[in-house]
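Two complexes come next, and they have one chain in common, chain A, joined by chain B in the first and chain C in the second.
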Partner chain A sequence: MNNGNAYITSSCIIRRQTVVKNGATVFTAENAALPEFLRSLYDRYSGQYQKFHKMDLLSKLGWAATEILLQDMPMDGYRPEETGVILANKSSSLDTDERYYETVSDIASPALFVYTLPNIVIGEISIRHGFKGENAFFVSDTFDAGLISGYVTQLLNTGAINACICGWVEQYHEQYEAALFLVEKEARGMALPFDEKNMRQQKEV
Partner chain B sequence: MMDVFVAADNIVSPLGATAVANYEQVRRGVSGIRLQPEGYFGAVIAEEDLNAWTAPYQLNGYTKFEQLLILSVQDALSHTGISLRDERTAFIVSTTKGNIALLEQGAAAGPLPLQLFATADRVAAYFGSANKPLVISNACISGLLAILIGQRMIRAGQYDHAVICGADVLTKFVLSGFQSFLAVSDKPCKPFDAARNGITLGEGAATVIITKDRTSLKGNTAVRLGEGASSNDANHISGPSRTGAELSAAITTALWQSGLRPEDMGFVSAHGTATLYNDEMEAKAFHLSGLQQVPVNSLKGYYGHTLGAAGLIEAIIGMRGMMENVVIPTAGFSTSGVSVPLKLSNVPEQRQMAHYLKTTSGFGGCNAAMVFSKMNV
Partner chain C sequence: MEKLMADLKAQIIQQLNLQEVKPEDIGDDQPLFKEGLGLDSIDALELIVLLQQHHNIRVANPEDGPNIFYSVRTMAEYITEQKKNA
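Here is the complex of A and B:
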């Protein structure tokens, strides 16, 4: 049992066509609808990654937020199973559920069906970065910083993982919000103590 | 590590409305899978059964999904003094699709009734739960992951007990999706069999109540939760790992942290969905984990795939099998159809055992494994 401190080493908040990285606004695209906004994030922050174009909006949002979160934060010091991905949101995959169900009366779309689970975004992030550690997807009406910080702290303290991508990835129709945090035992980057208060403060910047 | 125990359990399924009834049916080899009027095989709860089970309660305003959860939690609570009204009791709900049937019925006024947190809130309110429900929606590992998360939260000191329930309903939504993948069997599913050609869907609910408090346990023996772990394949969102290495990593962590060896397991309760790729991946993972000499079973031939309930239902049947020193046979299995040999059987086996291993895997590349152990109270 390691009761040592952990740190938020990076944060990425995306809402209202704006990206905030480590507390500073780094990108704004005014009046962009969500699909176009996500495409602009892909163009700006990612190299070629064909899988991106097949993803639903929830996965694109979480995937793009992770790209930005991990800029200048190499993760190759960790073995694959040392990094976990623990996420939460409000609407599960309901946006894609509705889109998928519209196809059922005609020809049900397997490409949409696979995205009718919220944890697919964990899968997409894991595939991109080779993360093979602990997974969990929680659903709650608002961001429960206490739940996420408590659970991730427990995973870090018991040695189940040594780093974690955690936070909130929500999307339903035109509403969306991502608030992702890289949490590590060793301080680097923004090196904020990892607790409920700092998580909430970063998210509300 | 703090010990956490199982204080009570329940299963609501086509095989019955209590864990005892379900276990007895499974022991007799009864399957809940039937040919449905629409022409597919599924394990569906008969309407007259559900009506009879809900009759004693005022559940008319609740959806079928909520009724299943309420029945399951109600029965489990009746076997223990642990209460959801206690602030020290966590309430954890595992589901993949919740009230998605409302989308099919066009019955939802806006998105709220379809939201997983909202339906969990309704169930929590029914029981006067002191704590907000914690909803876990992590594909097919949700049920087992919910038990693992409950154990971890108790160990972290956040709670003393946890009521962990899960449910999913067999819907056109889910059936059409697996059909679009050509992943639905044209016969009752045949896990690990050479002739397997896909899943059979099911529906149901299950509840496990866990506690750190030994005095909450009844009888001379009980189930103690062993260690568990989850992992991700980082390979494909709808296809499992080609090597099974990631499920194996979760299994190895669970065994090692429990201080146990593969041969200490009485059996492995596999996910065993009866798709070509899932069962093959699991077989490889069991070999990588040194489990080739340990009996393996899948319960999908009795229940079909119950999604968010599956990990809970199967963990409970596994616990009851362990307590009786029985390896439940794999219904639907006759000839091995995986590339590495496993100890599979379609007849029950009596075997002295003190532990067993439960595994699950799902879309998004997720895996979970957990050890369950016997203990004297």
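Here is the complex of A and C:
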């Protein structure tokens, strides 16, 4: 589905220690374990955000991917309510659920407990950038580009939002993949028509 | 008291995962919340866990929390007092 008036204006794909921004590889850290890889992304693309270190790995991945996605794409032209965040993954927050469960036999960790929901990554992104628009987190076996594009298109067409960060943020142990897209009504940046096919193509780059 | 405060600073950094903070960055009398270290409500719960795990002290009355956890010095004073009364 392509409604003809929404565009993918930026994309960020992270997998196998590599970051691809708008189709071009921009960073690689060979053989880095996930925590070290995410820390290197933080050091390179952000810094000065103490709360990053408290996040679980899923939130760090989504948060770092958003930092890269929005690099050179200022969002200050939108009111907080105009930007939505719609994400999906396969493993929900299972990695953190397991870590939290391990603490329960001793003293349950409050800091881990707050990350035992997958949509917390949306909260971390929204706090960082001040987004207050529509948000949802779907859990499905595979990346359903049709669901995401249809849902986001509906939000854009009904005027609920005018911009959206959407895509896939998956992490379980050392397996991870983020594929985020900035979707806007006005063309800028890479300006690909926002549809299922282009989302899939960008994700598989 | 000085040794206890130094230990507490290291424990706070480790428990709250304050990776970019060094013990010397935390003043003895600096407020831990809001304008000081900027800790939040989840951190407050972690500080309660810290007292249990490292000092075997349970905070019986949650209303005492703001006074106990105001600064590293107030935490150290509370620990010292609790151990004296134990």
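Keep in mind that, in the parts below, the second predicted complex is superposed on the first by the 201 of 205 C-alpha atoms of A that agree within 3 Å, B and C clash if a C-alpha of one lies under 4 Å from a C-alpha of the other, contacts with A are read in each partner's own complex, and residues count from 1 in each chain.
The criterion applied here is as follows: a contact is a pair of C-beta atoms (placed from the backbone, for glycine too) under 8 Å apart; a residue touches a chain by one contact, two chains touch by 3 or more.
Here the structure is a predicted model, which means the values were calculated and not measured.
Chemist: When the two structures are laid over each other on chain A, which of chain B and chain C touches more residues of chain A?
Modeler: Of chain B and chain C, the partner in contact with more residues of chain A is B.
Chemist: If you stack the two complexes on chain A, which partner ends up touching A:Thr18: first (chain B), second (chain C), both, or neither?
Modeler: A:Thr18 contacts neither chain B nor chain C.
Chemist: I'd like to know which partner A:Lys90 touches here: chain B for first, chain C for second, both or neither.
Modeler: A:Lys90 contacts chain B only, not chain C.
Chemist: Where does A:Gly130 make contact in the superposed view: on chain B (first), on chain C (second), on both, or on neither?
Modeler: first
Chemist: For A:Gln50, is the partner it touches chain B (first), chain C (second), both, or none of the two (neither)?
Modeler: second
Chemist: Under the stated touch criterion, which partner chain does A:Pro110 make contact with: chain B (first), chain C (second), both, or neither?
Modeler: In the superposed model, A:Pro110 contacts both chain B and chain C.
Chemist: Could you tell me which stretches of chain A are touched by chain B in one complex and by chain C in the other?
Modeler: 107, 109-110, 114
Chemist: Provide the residue numbers of chain B that touch chain A in the complex, in ascending order.
Modeler: Residues in contact with chain A: 96-98, 100, 103-104, 111, 114-118, 120-121, 132, 134-139, 141, 145, 149, 152-153, 155-156, 158, 172-173, 176-181, 229-238, 246, 249, 253, 362-366.
Chemist: Help me check something: in the complex, which residues belonging to chain C touch chain A?
Modeler: Within the complex, chain C contacts chain A at residues 16-21, 38, 42-43, 45-46, 49, 52-53.
Chemist: Would you tell me which residues of chain A are touching chain B in their complex?
Modeler: Contacts found on chain A: 80-81, 85, 90-92, 94, 97-98, 100-101, 104, 107-110, 113-114, 116-120, 122-124, 126-127, 129-141, 147, 150-151, 153-155, 158, 160, 172.
Chemist: For the complex, give me every residue of chain A touching chain C.
Modeler: 50, 53-54, 107, 109-111, 114
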